[in-house]
Structures are given as structure tokens and as C-alpha cells.
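Shared chain: chain A. Partners: chain B in the first complex, chain C in the second.
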Partner chain A sequence: MSRAAARRLSALVGKESRQILRDPSSIAIAFVLPAILLFIFGYGVSLDAEGVPVAVVVEQPSPQADSLAAAFAGSPSFDPVYPLHRTPAQRLLRLGEVRAVVVVPASFEADLARGDAAVQVLLDGTDANTARIVSGYADGVLSGWLADLARERGARTAPVIEAESRIWFNPAVRSRNFLIPGLVAIVMTLTGALLTSLLVAREYDRGTIETLMATPAGVGEILAGKVVPTFLLGMASMGLSVAMAVWLFDVPLRGSFLVLAGASALFLTAALGLGLVISAATKDQFVAGQLAILVTFLPAFLLSGFIFNIDAMPPAIQAVSHLVAARYFIAIAQTVFLVGTEWSVILPNAAALAVMGVAFLGLARALLVKRLG
Partner chain B sequence: MSGAGLVLDGLTRRFGAAVALDGLSVRIADGGIVGLVGPDGAGKSTLMRLVAGLLRPDAGRVTLDGRDCATEAEALRTAIAYMPQSRGLWTDLSVIENLRLIADLRGVPAGERSARIERMLDSTGLAPFRDRLAGRLSGGMAQKAALACALIRPPRLVLLDEPSVGVDPISRRELWALVRELAGDGVPVLWSTAYLDEAERCDRVLLLDRGRLIGDGAPGDFTGALEDRCLRLTVARDRRLSAQARAARDPALVDAVLRGGHLDLVLAEDAPAPDAAALAPDDPQARIEPRAPRFEDAFVAALAAARRPAAPASSPAPSDDGPPRAGAPRPAARERDGGEALAVDRLVKRFGDFTAVDGVSFSVGRGEIFGLIGPNGAGKSTIFKMLCGLLPPSDGAARVAGIALRDSPAAARGRIGYMAQAFSLYGRLSVRRNLDFFAGAYGLPRAEARRRRDRALAEFGLAEVAGSRAGALPPGYRQRLSLAAALMHDPEILFLDEPTSGVDPPTRREFWLRIAAMADRGVTVMVTTHFLDEADYCDRLAVIYRGRLLALETPDALKAGAATAERPEPDVEDAFVALIEESDRRAAGGRSAA
Partner chain C sequence: MFRRIRALIVKELLAILNDPKSRAILVVLPLVQLGVFPFAATFEVDSIRIAVWNPDGGVASRDLVARFAGAPVFHPVVAIDGRPAIEAALPAREADLVIVIDQRFSADVAAGRPAAIQLLVDGSNSNTALVTLSYAREIVRDHAAAIGPDPPARLATRALYNPNLESAWFILPGLLGILTTIASLAVTAFSVAREKETGTFQQLLVTPLRPAEILVGKMVPGLVIGLAQGAVIVAVMHGVYGVPLAGSLALLAGALAVFLTSVIGIGLAVSAIARTQQQALFGAFLFTVPMVILSGFATPVENMPGWIRTLTLGNPLRWFMEIARGVVLKDLPPAAVLNLTWPMALIAVVTLTVAALVFRRRAG
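Moving on, here comes the complex of A and B:
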């Protein structure tokens, strides 16, 4: 690089940095938005069932039946109410005030003595996900109670086989632990693509692109001038997200932070590249902003495995998800956070990110010709 | 070698089916300011961009000192200083940051950078504003800053694309002096403009129309050719429109335009002078005298000559008798009875401790065309907003259409029409829907609204574009639509805020013809304008400066007052500048005496 080119580049980087620092919206996108998203996902949204309202109906009080009913109150998963009859309980289910109705039949005590007791569980299937979780938790409460009963009696009439599951990597099965690493990718998609997509388009909107093009600055220099400060901003935003994840939400960071940072850098390059492509193709701030949300943020949300499991998607959608850079980064982030530095996961995904970054930057470079129309 | 200087050789550029430049050949070798003059769509900006290497020609070539501006664009970047129409300043960077950035990008040697920037700041008078964001500069200052950026490295050629749009006359004069000072000796400056009075100040003028060169020479050559062809018809005010319509039909005349109380005529080549009695048969006082040609006359004559085989220029087709049916006709036209349409008495507006309007009084008669002129920030728009009931006065009284503004601004608003400076209609709605909307907004009954909408479409020549999106219309159509919308409720007083900003000269004249026709029907017209040659269209002018009324005169009286030995026939702009300068002198004298 000649000295003149180096001087141009540093002037352009300085210009972009000033513009970013002076524009409250870019700071908001880089720091306020991530914080809000992390708060919402960290505190508000949870895929865990905690304090699920259920109705427990004991048709015929007895020591055993009451003890079982009390077991539901003892579980952190449930927040039971105790109607006296089946009818009001079913009404609560219909109104959506409880997620499940557990009926301990009048014959429970006698059946139990015969070793053939059954409890009816009615589930609200409108939200299938919650229904499955509640069903599982209810089974857990029942088998726990049975085990306690068996221990109490000292009898050897315990269930025949007991599966002894241990959950690795996320022993508390906190959904927060896998949502937040994914959220770091969403946040960086926003800073990377949304911010950059506005940058080039803004030069067109304000007519300053003509000034730029009429100078000796090359397209590569103009693009680099935009990429460098946004990259730094994106990395800062990533740092903020990781710090909040680890210190505020107690998400474990088991792998190396440096590896995470490296993967973030690759991912950010791809996101920036895509933002520049959008910007150079639309040349209009409004359209660029809308398009950036449509083709980067939403896919990162829906098709990256952030919330919805990619393996469960139809094959066509799975194929599309390969074009979503966030997918590769989320795989890396979840692994580095929860499992550790597992190179066999990190390397292929990092390679995919690198390819996408180079492709997008090259495309942006090709789209931005130093000519108007 | 194709030679030194800028050489355009058969330069052609198309955008889709539209031809922007059509085989243009011209050579500019000497320094000085070359005016690029022509109506909208003449190809001025396209030419600038081709020279700047931002567009490629479809045919022909353009070279600077023998180097091709398209293929060697990168090598020529530092030799060509280009200031785009949009100014191209970064509004969120300060003046000095803009200058430093461009200096670095254009490769001003690092050791000379700060000296060069200081020189630019001093020359432009921007030194005190060096740390102000470019977006916070006034129009005139921003234009100077953009010029300083373009010229930060001494160029071989300067391209300025409509540098004086939206700049008040005083700042415009400063800009001219600045370009002459900074461009450097022997450096050609290509200056495109829609202000015809500016063309007169150029060293050489290139007249463009529809991508073709239709005139090339010194401004004096253009006006000199018309020396014996320019006449003035003095006619009674209520006969001027019918005289104008007759003149427009006369093949011996290429132009007839209303200015002040007169009708200015341009004869076709070798045509005999018409008879005053033929143009105004019912006015025995009418008389025709010769007058000095203006550049505008030459421009219109050249356009007419270039377009002769095609349809006539965009002036409205004259109807069979009487004036063109423009404006807001009502069944019984209001009479121009000398009654009062509007009066302000010691009007004051303060914003905090800043007094924007400082005790202004005047009254306007019914059917009068009343112009408010003054530099940017003089208080014109504030007066306008108060009269439209959009801003409450701090002190003083105003009566609009007989209604005291202080008591019932809403009632007064119903009697006025307002056409804003910026296009303020709905760009995504069709022309028809826009008119429907305004009819609805003024609360017209449905049947009446439809009737007026259809009438407006016909009268303003909008029927053919009724279904088009308003935002996609050419400027002339948009302006007519704005006017039609402001007139939907048949107002008694029409307020026009910079109505002709950014509109080309032929469209501007057509617009003024409509305004004159409306005034004849008794509609009072209040107007602000930057085009001081247009101030001639007004019956009376109020010169506003620093919130005060400097003068209230007819255009002729204003000009006569500014006549001096070295300038026996000043135009309105000369008179205006003289008034402002005198006021500044008095203010300075007052300060030094105190």
C-alpha cells in the first residue's frame, strides 16, 4: 500500500468512526439493543416449566391421596390449586387458568393397596411444547412420590427398571444457558448487518457518494473505511453480550474466550459483508434497513438453531439454513460456552464462516463500482 | 493529441430510452467561468458527471489535456475539482473535519494541509464556524464550505453543478467572487445554473437544450444579437393578460412575458415590430417602446429557435380569446376593487431573546401580487407563517381576509391557500388522490369536491397524468399540482413560499402567467422568492432584512431608487443589494458612533 493510500484509508476510518460515534442510533444498535434483547431472553423468555399452574383433584381424601397431592405443591415445577371436584377443575383447564388437571380417583387408596393404582392427567395441548414438558414433569413427580413410598415401606416392590438419566453440559436444564450464547449471534448480526447496510446507503441518500467517488480513494479503501470501525463496534457489542451472559445470567463459559472471540470475528466479517452487499445493491437507507432485517436478522432468529432445532426442520428448510451464517456461529458459541473448546465442532463451522465472509466482501466490492448509473 | 483544455467530441449519453446528451462537441481551453445554462433535463448534470468520470459515455469522448475522462478517470481525479448538486458535505462532520477528510483523500501534501485549509477558511469567511457541523450551516455557508472542499487541492478544471440553488442573492454574489478568487488563473470553471441572471456574469455561456448545444458565446453576444428585437408594451393592468394572449399567437413574436406593469416582447428574426393597437385594441393608452435585451430574452429566443419544428415550449396554449383559463375561477370572479385583503400592524415575533420579526406593518389590496424578498433568515418565512395562522405573533395585529388573526386563526386559515417551498404532497398517491385528499381536508362536500377536482385537472393540464404517482412527476407538473391543491377550496388569498425554487425558466414563466391570471380574478397573491428577476412580476415588493421592513415599493420605483451614475439601469437584484448594503452600513455606523 502506498503512503497516499494509507493516508486515505486512515482518513476514511477516522471519518466513519466519528460518524458512528456521533450517531446515537448506531450506539443504540450496538449497545442498547443487545442489552434489551439479553434482558428479555435472560429474564423474560424461558423454555423451562416453572410454577406451572395445575389443578389437583382428590376425589376421596385419604392419607396416600393427600400425600400425593402435596407432592405437587412440593415441586418447583408446579403451582397447584385444589378444586374439590373434577368439573370445576376441567373448567379451569378450559379457561386456560391451569395447564393440566391431575385427578386422584376415589379408588386410589384401594387400588394402591392392590398394586394397581392410576392417576389421570389431563393436559392442555394448545401449546404442545408446554404440554410435553408438563407431562414429563408430572411423571417425575409421580415416580418420585412412588419411590418415596417404597422407601418408606422398606418394601422391594419398587418399579422394575429405573432409567438413571444424567444431563450433561446443562445439568440444571436451564434454557437460558443455550439461548444466551445464541443471542450473542443475533446481537452481532444486528450490529454487523444492520449498521453496515445503512452506511453505504447513507452516502447515496445524502449525495456524498459523489464526493467520495470524485476523489482518488478506491472502492476497496471506501469499503475498508466502513468495515474497520463497524467491526470494532461489533466486537465491543459482542464483549458486552458475553460479559452480561457470564456475570449477569451465570451462563458458564467452559471453553476459551479467545476461541469465542476468534469465531466472533469471523462471523462478524460475514455479517458485515452481507450488510455491505445489501447496502451497495439497494443504495437507499430505508430499503437497506428493511432488507437487512429480512435477510439477516429474521433468518438468524428462526433458521440458525437459536430457538428451533435445525434437525427437526423439513429438509428444504434445512438446506436453506446452510446459507445462514448465524447457524455456524451459534453451533460454535453453544459449544464453547457449554461444552468447551471442542475443535471438531469449531473448525468446520469456522471454515464455513470464513468462506461466507470472503464471498460477501468480494460481492460488495464487485457491486460498488466507482461510477453512477 | 486532441489538444489542451477540456474537449468534448460527439459526446452522447443515454439513460434507457431517454437521451441525456446528444452528440455534444465543444472545446474549453481558457480559464474563466463557463456557464452551463439550460432547462431541467437539458443534460447539465450528466455532462458534469461525464467530465468527472462518474459516468461513461455511450458514444464520443471527453478529454482533459488529451487524457480520456472515462478511461483515465482515476488519474484525473486530483486534477478535477467537482462539487455535486447535492453539495456532498458530510452533515455530521464539522467544517474542518470535512476539509481535512477531503484534503487527505485528494492527496494534498501533508505539510501543506493545514496552511491550505486555513487559506480556504479565511477566504470563505468560515473560520469562525470551523467547528460547526456542516448540517448546521445556512444554505449559503454550506455552499461555500462545499466549494472550499472541492478546491482544497489546486485543480486543473473546476466543475460546479448548480452551486447557487437555494442560496440568497447576497450569498450568491459572495460565491461568485469566491470562485473567481480561488479557481486560480487559467483554470476553467464549468458552472451550471438555472438562474439566467447568473449567466450574464459568466465569461462564456454554453446553452443546452435536450442534450444539444444550442448556443455558445459570451453573454454579450447573446444579448447583442437581440439588440433591436426587444420591445416593451405598456398597457393598462386589466388589459395585460388579453394582450399577452394575443402576443403569444402572433408569429412575429417569439416571446411575450409580463413584468411589473409591462409586457416584454421579443421579435422573431427580421419580423416587423407589431402595433400597440393590434395587441391592445381596447386600450388607447397602450404604447410600444424599445428596451434593452436581457439574457433571459436570448435564452427564450434560442430555445424557441431550437424547438421550432417540435411543439412550442411549455407555455400554456393560448385560448381563443382572453387570458388562459388558469387559477381558481369562480362563477362570479372577485373584483379587483382596491379593497383590503390583508393588513399587518407592527407585527412582532420573538423566539427567546431573538427577534425574528421586528414591528413590520403593511397592507395588501385585493387582487394584488405582493412579493416579500430578503436574504435567508431575514424573517420572510416567519411573517408568512404568522399570516397563515401557523405561528402566533408575539405582538402587533394582523387581519387576513377581514378576520383578525388573533381572534380566530382557524377561520382565517379557511380563507387562504398555502403552497409550501418543498413539495409537500403525498408522493406515493396519484395526482387525482392528492386533489381528493385536499378537497376532503378542507371539508368540501363530496359532489363539490369531485367537480373541483375534475376542473383542476383540466385547468392545470394534469388530466393526462391524473393516475400517475405525484412523486414521479417532472418538477413542472409537481409545481402545478401543488398550486392546484392549494386552490381546491377557492381561497381569497394565496401564499406562495419560494414557489419556483428548483424549477426551470420556461416552467417558471408559465407559472407566473397563471398567477397573473388569478390575480386578475381578484385572488390576492403573497409570494416570497429568491429569483430577483422574478420580483418584476410582482405589483409591489416588501424588502425584509433582519426582521425589519427596509422598503415597500413597486419594482420600478425600487429600481429607480438604486440608479447611480455608473449603473443607470439597475435591475431588482442591484436595487436589493444596494438596500441591504446601505442598511449594513447604517448599522455599522450606528455601532461605531455609540
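Moving on, here comes the complex of A and C:
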């Protein structure tokens, strides 16, 4: 780089930095938004259902039926109410006040003696995931109760197969531990997209783009001037997010912090690049802002493996998810946080991020050159 | 007065809809998202990759492995050998579940002693881990039942309202709330901020329009656009995805209008405070994201800790989410819908009052 170019670049970086510092909303986007998001997510998002409200209906009281009904109260998974009939119980289900209705039928005692009793479970299928979890809990309660029953009767209590399960990397199965590393990616997607998507569009809106273009600075230098300060801001907000994850939410950081920072830098480049592409392509702040929400935040939330499992999506959607940079970063972040510095996971994902970063920045440059030509 | 407001509303709508790019944003993108997100937002676990270490090798253990291989969710099932292979498989994400079979497994089964196996899962996604484990235990239980005595009681489980437990049925009514929120909030948040940035706000203030009239003129376009988008979403939900419309459309539309009014109040307040469009975008975001997260869209409100649950009471999207799912899937009775609607109306009164106060201060 010649000395003149270096001076131009430093002037541009200075101009963009001052613009950022002068507008409190940029600082807020980089620091306040991540803090609020991590706070709400860290405390608010949990897939761990406990004390699920259920209605248990005993159609005909009998020692066995009552004992099974009591087993539901004994389980920490459930918080049962006991309506007397099926109709009010189903009404509670419709109003969403209970997640399931368990009906112990009038013939339970007699059926049990014959060894062929059925307990009806009606699930609220609206929330399919919770319904599945609740169904599993109910299975657990019944198996526990049956084991107790067998023990009382002096039958062989040991099950035929004993399956011992171990959950690695997250033994307490805290959903927070896997959500928060992903959240760091979401926060950085937001910072990247929000900060950059308006950067070029604003110059068009205000008509200052011509002024900028009339200077000796080339398109690449103008872009670099916009990328450098936002990149630094983005890295600072990433540092804040990781610090909150480790110290506030006790998520273990088992791998190397430097590797995480390196991957963040690659990811941030891709996120900023996408924001600049949006900005250069739309030239209008309203459109750029809407587009930024719709093509960065929602895909990063839904198509990245942050909450929803990519492997279970249909192949076409899985193909689309390969275009979402957050997907690669989340794979790295979850691994570095919970598993360790596992290069076989990190390297391919980092390579994908690098390719995306170069492609987006190149595209943004090409768009700007074309618009001006 | 009505003529003046109408003129302003027409001007506002034209400002948004005359621009082909904003039109595309408001029409095409939500449709694309409706095509992608319902398939993406699934907690289902599929193609679970299994690695099995079977030092026993007897018939009983091979039968158990065959039962795993035969289940459609488990694919592929690979044999590995020795502790080091186990230690490597999970960290490298080469397998989602590792099964270790005790070397006396077949002998124990033959002798009627409890036979042991170990299930190891990757907990870095805790939801997937739990679902994987519950599938695996189901297979083990089936196998135990096949080789041992039947249990005397069983559960007959049936899901109401969504019998096949399809995630899309759960997600689509939620998207109705989210996509209309994004559109209405952005349209209103940018409306005043844009005029301030381009300098036309002063011109608007010197017209005969009173501040209250300007406020109404800025409100209506967001409402119109949100309702129109809502109608399209409901049509796609029912027509394309086959989600049943169990309840009344009129109830849903009424609740949507109240909900959008509360959202627009937030948008107007943001717009009145913001000096530039970037600030408006930031403000819109600052509200959209927590509203989505704390709405029960992806994770149930009941799982949140008590004080966060209290916080969600002030989130209009939380109420609308419950209404949308209730009306669409469960045919929620009108009284119940009303019970969920008045909190939104209350929120609307608060947000609109705040917007009017801020607006008057800034305009005056």
C-alpha cells in the first residue's frame, strides 16, 4: 500500500469511527443490545420442562388407581390437578391450563389383575415438542409405579435389560449450556447486520455517496473504511458476550479462547460482508433495515442449529442452511465451549466462514463499482 | 378533519407501496419465509448416527443392535472397536449416540440375570440429547418386553388438536404474530424518523394537521399492512400447509387488530424518539427481539423462571401467540379469547399514550 493510500484509508477509518461514536445508537447496538439479549436469553430460554401441569382423572377410586394418581404428584416432572370427571379435565386442556389429561379408567383395578390395564393419556398436541416430552415423562411415571408394584408383590424387580445412560459434555443437561454459545453467534449476527446494513444505504439516502466517490479514495478503500471500525466494535461486543457467558451464566469454556476469537473474527467478517451487500444492493435505509432483519436475524435464529436441529430438516432446507454463516460459527462455538479445541469440527467450519467472508466482501465491492460505473 | 387524516394516510401508504423495493420486502419476503421456516423450526430428531461397541457378540446382543438398526430414526449404525474409538466418536461429532454392550450381555440374558448396556450421548445440544435418549430407551424397553414378560399396565397416548404432532402446525400460527410484528413495527418506526432525516417533518408540522392527526395518519398504514399480511399468512397456512382453522376467523382478525395496535404504539414511540433511521431500526430491533424470545414462540413460557414469566405479561406477542394457536388449532371459546385480548388492549393504551406524549414533546 502506498503512503497516500494509507493516509486515505486512515482518514476514512477516522471518519467512519467518528460517525459511529457520535451516534449513540451504534454503541447501543454493540453493547446494550448484546447485554440485554444475553440476559433475556440466558434466563428466559429454556427447553427444560419441570412441573408440567396435568389433570389426572380417576374414574373409579380404588387402592391401585389412587396410588397411580398419587405417583403423578410424586414426580417432579408433573404438577397435577385432580378433576373428578373427564369433561372438565378436557376443558382445562383446551384452555391451555394443563398440558395433558391422564384418565385412569373405571375398570383399572380389574384390568390390572388380568394384566392388561390401559391408562389413557390425552396430550395437548399444539406444542409438539412439549407433547413429546410430556409423553416421555408419563411413561417414566408409569414404569416407576409398575416397578414399585412388582416389588410389593415380591416379583423379580430387576428389569431384563439395564440401560445406564451418560450425557457427555453437559451432564446436567442444562439447555442454557448449548443455547448461550449459539447466542453469541446471534448477537454478533445482529451487531454485524445492524451496524453495516445502513452504512452504504445512508450515504445514498443523504446523497453523500457522490461526495465520497469524488474523493481520490477507491471503492475498496471506502469499503475498508466502513468495515474496520465496525469490525472492532463487533469484536468488542463478542468479548462482552463471552465474558457474560462464562462469568454470569457459568457456561464452561473448555477449548481455547484464542481459537474462539479467531473463529469470531472470520464469522464477523462474513456478517459484516452480508450487511454491506444488503446496503449496497438496496440503497434505501428502510428496505436495508427490513432486509437485514429478515435475511440475517431470522435465518440465524431458525436455520443455524441454534435451537432447531438441522439434521431433522428436509434436504432442501438443509441445503439453504449452508448459506447461513451463523450455522458454521455455532458449530464451532458449541464445540469450543462444551467439548474443547476439536480441530476436526473447527477447521471445515472455519474454512466455510472464510469463503463466505471473501465472497460477501467481493460482492459488496462489485455492487458498489457497478452502481457507480 | 377526516379528509385531512385520510389524505395523510393515503400519502403514507403511497410512500411505502410506491417503491418497488419496499413492496417486495413487505410481500415477497414473508412468503419466502413462510415457505422455509415451518420446515426449519422443528425439534424433531432424525437420522441419529449410532456407533456400537459390542464385545459380547452373542445372539441376544446382535438382536438388540438389529432392533436399533431397524428403527427409522437411527441411521447409520456403525460398529466400532475399543475404548479409544468411543472416546473419539462423540467429540468429533462422528456419532450422536454410542452404545456399549456389556461383554457378558448374552450370557446374562440366557441366565435370566439383568443384562447391562451403556448409552452415551452428546449433551452439547441438550434437547437433542434427551430426545435421542428417550428413543433409545424405547427401543431397549421394546426389546426387553420382547424377550421378557409383558408389563400389566400400559399407556394409551393420543394427541389432541395436532394428532400427528407436526411442528409446522405449532410454528405457523406463531409466525403469523412474528411476521406481522416485524412489518408493522418497522413501517411505523421508520415513518417519523424518515421524515426527520429527510427534513420533511418540519413541513408536515406546518400543515393544518394537528399532532394527534399526524399520529393517526402514521398509525393506520402499519395496521393496514399488518392486517393484509396476516390475511395472506392465514391463507397460506390453511391452503398450502393444511393447518385446520378450528376456530372463528373473525375472532382471530379482531385479536390481530388489537395486537397490532399495541405494536404500532411501540413503533410510534420509537419513531418519535429516534432522530435517524438507524436509531429507528435499532429501536425496532430492541423491542422485536425480546418480544419474540419471550413470547413462547420457540420455547414455552412455562419453562421460564418466575420473574421472567411476570415480565412476559407485558409482552403483547405472548398473548397473541396463545390466541393464534388457540383459535387456529383448538377452537378457543370467545370468552377465553377475550380474556387473552384485554391485556393486549391495555398494553395498546399504554404504548399509544407514551407515543403521543413523546410525540407532542418532540413536535412542540
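Assorted remarks:
Following the convention adopted for this analysis, the second predicted complex is superposed on the first by the 281 of 373 C-alpha atoms of A that agree within 3 Å, B and C clash if a C-alpha of one lies under 4 Å from a C-alpha of the other, contacts with A are read in each partner's own complex, and residues count from 1 in each chain.
To be clear about the criterion, contacts are C-beta pairs under 8 Å (C-beta built on N, C-alpha and C of every residue); 3 or more make two chains touch, one makes a residue touch a chain.
Computed from a predicted structure; not experimentally measured.
By the touch criterion stated above, A:A214 is placed in contact with chain B alone, chain C being left untouched.
Touch criterion met: A:L303 reaches chain C, while chain B stays clear of it. In the superposition on chain A, A:L198 contacts chain C only, with no contact to chain B. Once chain A of one complex is fitted onto chain A of the other, the partner contacts of A:Q285 are limited to chain C, with no touch recorded for chain B. Contacts of A:D23 after superposition on the shared chain: both chain B and chain C are touched.
Which of chain B and chain C touches more residues of chain A is settled by the count: it is C.
When the two complexes are superposed on chain A, the residues of chain A that touch both chain B and chain C are 23, 206. Residue ranges on chain B touching chain A, taken from their complex, read 15, 49, 52-56, 73-74, 77-78, 80, 82, 84-93, 97, 100-102, 104-107, 110, 149.
Residue ranges on chain A touching chain B, taken from their complex, read 4, 7-8, 10-12, 14-15, 18-19, 22-23, 206-208, 210-218, 370-373. Residues of chain A touching chain C in their complex: 23, 25-26, 28-29, 32-33, 36-37, 40-41, 43-50, 52-53, 93-96, 108, 111-112, 115-133, 135-136, 138-139, 142-143, 146, 149, 158-171, 173-175, 177-178, 190, 194, 198, 202, 205-206, 282, 284-287, 289-295, 297-298, 301-303, 305, 307-309, 311-314, 316-317, 320-321, 334-335, 338-340, 342, 344-345. For chain C in complex with chain A, the residues that touch the partner chain are 19, 21-22, 25-26, 29, 33, 36-37, 39-47, 64, 90-93, 109, 113-131, 133-134, 136-137, 140-141, 143-144, 147-148, 150-167, 169-170, 182, 186, 190, 194, 197-198, 274, 276-286, 288-290, 292-294, 298-300, 302-305, 308, 322, 325-326, 329-333, 336.
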